[in-house]
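Input: a single structure, listed below in structure tokens.
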């Protein structure tokens, strides 16, 4: 996700080796290094100086495409462990939260850093993500993932328990993907600018109910909860249809905006 | 969508007057101006110097909140005429297209500028959106909408027919929301960087089939088509349930990435 | 829903006058009677002696088809008032409940009789539906609707509060579409045969949770809750797509089977 | 699915041994026979004379419930091989087709007999299902399955290719679950009573388009295509949510009713 003008592949670049939709490999290009797949090995050095999008053939004669990893690829590769954040949900969270270039956003919990990466990608070059993660090993894993994606400078990972408080103030948005979001609502009210946005992602309906009640109790407005379903289509002339398998549920997304409790505050 | 540090409402600022989810009004604050609703009028001048998020009472004693308009609000307010772009789809298009700060993106057609606004919001401060719109009146309407959102400097609106060609080259992404996207696929191949991304939004399955076949014919890889469904939840303890009415379909989103046709191009 | 061999339309028969999907009229054929629509009037007597499926032209020259009303038509026409039962849900309730020719089924509440009609249609000629309805006016309306559908002999409507008890025993199934199904679970256990089935339809998730807990408490097994979504397709070559509007939620269907509480009962 | 008054389990009865939702076993009770599971064996003879719904303990001390198999169980157990018919779709097909006690229904193809079983269950005791199956081995398998369910007397399986013609006439409904339903539309028109119903189940959208066009060409009215989605809920207080995995698509259901082509036929 470095945005140099040249699209030539250089030493140390990340490349997404693409065989088909289910077989993609995120690798770092180093001269002299081979990448082994069950379809033969690819000499990564051959990619140096080529453009992204180049086709390369493995030792078994199988073609791969050397794609430039996108945000979606980084997010997808990161989510493998905890499986809680899905690109479809991250896309909506970004839209709902209003996160853009220059935004200051608080996030919890960091987890493997999938959502953190997406937030960091969108706040650059002038914004910052403050990401709370109480589990030390996840904080470290997320930092490693952010470094690989070239986005660590836009994130401050904090190995703290956000239910104990938020250290920042006047932030644009607070994004929660954690077990007890309702406990963080009062801290969120204190940390947000007026009109600032909270977005919370929760798998269960009971979490949603508690969070909505906490938001109502603190005077948030425009409170909405939605759920997104993504259907993949098989598009082959004469055989076009939605795919048989589908993810039935990941979680609910709850949204609210800070209104001051008193009249004509400020 | 200006990001000055101060959140105080100033002369000329846009404010989203919020009554409830279905009654929000995007207004420009001017001293001495009243805004009339069927719940009485609001003296906009009273908001000057207050913080966004302030509560204000109408002449009939009804409370409104003066929210800072977010990207989603601008998009939502713009879509009223053609109804073709929905925030849920825009969110996915942004994620799939990999659009971020600094991206150079071609778009067609502009329409009322809802998707254009979202792209512009995410390419700033260093990127640019080149938006093709063959209908003069929509090109003008979109420009007006982009100015209101403070994003017109990040967009070049071109009153041209994109099926005749794309003038830019080495762009990061091409985003199509138009009747005949398959006619633009060869131009897209020419305009994209290697590994660049195409995203196409189409309401009908026949459009999708033609577009996917055109992409396959031009050597694009990682071709996927998805459809997103959004369910709103009514969250009230003891009465929690998905809402009765739902938008059943807006359109399919087709995605692909440019691979060079020849081996080890570049 | 009388199944005489002749399909000739006779005096007193119900006919569904079909103009298009959204404009259908369930009328009783009487010689000398006109049926008025905004597309002109139809002389119903002209249908006498014709076959179902005949086309007839109104005074304004608009064609109608005289269809034989099916179960689905009766159900659809009955649901107008309370809107709680939808054909898609009734179809699943019938399948889950195992209702078939000869079944003895308890139902509550009767409402307008839409679900009652469907149950009655399937238990005939030897079964019986015992339908509890505490509101006198609905009990009467349902009876009227059942008579029109020719199914009243297969139903015993009881103007009683089912939360006070079920008078029948050794029934095959108990089907609940009412506000407090969990209060009826103990009565259901008493009324059902061993291995008998309960099906409950509820709009809210809190109703579902209470009902499932009551079923678990009474030793029911194979407890499942599902929700059905129906999407209509617009099928026109070149314009094929799901329809824009969709019913997002009607209710959850919870299912369970009576197991005896003690070992090797019987 | 015999409906004798006694619910006592007798020699030769089918029993559904229920361990949990995913582990159920459809077995025939014979004295002296053991049924082996990985949770130990069950002495089936112990069930003789007990009521359905009785609990029984395996040699490893694990409890099973001896349920009376319902239509849904037979359908579910039969679908394992071809996986094309799902209970949710069968439920809708039954509702749309108007099949009830006494109906005469043509079906193709028989397959393993899952849909055939459901139709037979609902036409008894006076109706009949004429089921066309061109593949000999499926015709035999379906007959075996129907015998096990006690429903073979209500079905005539015909080892014929329905695209060559339908031998019956004046039938109430024609139900198609086959690769080329549009080829059967003219035969369907000939075989149906006036106002009779066709229901066709197809996985792909191209099949649907061809079938709808054939129906329109033959003057059918009230043509509708729908798709059903079923979501399972995990209902556990504090952890309630839709299940993660879901079947995203089985097929589209197309419906139509025969109108005579000429005016006032009959």
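Each chain gets a letter, A, B, C and D, in the order it is written, and its residues are counted from 1.
Definition applied: a residue touches a chain if its C-beta (ideal position, glycine included) is under 8 Å from a C-beta of that chain, and two chains touch if they have at least 3 such contacts.
Since the model is a prediction, treat every value here as computed from it, not as a measurement.
In summary, the chains found to touch both chain A and chain C are B, D. Where chain B touches chain C, the two copies mostly use the same residue numbers: shared numbers make up over half of all numbers in play.
A repeat of the A-D interface exists among C-D, B-C or A-B; more than half of the contact pairs are identical by residue number at B-C. Computed from the mean C-alpha positions, the centre of chain B lies at a distance of 47 Å from the centre of chain D.
Measuring from the averaged C-alpha position of chain B to that of chain C gives a distance of 44 Å.
Computed from the mean C-alpha positions, the centre of chain A lies at a distance of 20 Å from the centre of chain B. Multi-chain contact residues, meaning those touching two or more other chains, occur in chain A at positions 205, 231-232, 237, 240, 242. Counting only pairs that meet the touch rule, the chains in contact are A-B, A-D, B-C, C-D.
Only residues 1, 3, 7-8, 18, 21, 24, 46, 49-57, 63, 65-68, 70-72, 87-88, 90-92, 94-96, 98, 100-103, 118, 121-122, 124-126, 170, 193-197, 205, 208-209, 212-213, 221-233, 235, 237, 240, 242, 252, 254, 257-260, 262-266 of chain C touch chain D when the two sit together in their complex. On chain B, the positions that touch chain C within their shared complex are 203-206, 231-232, 237-251.
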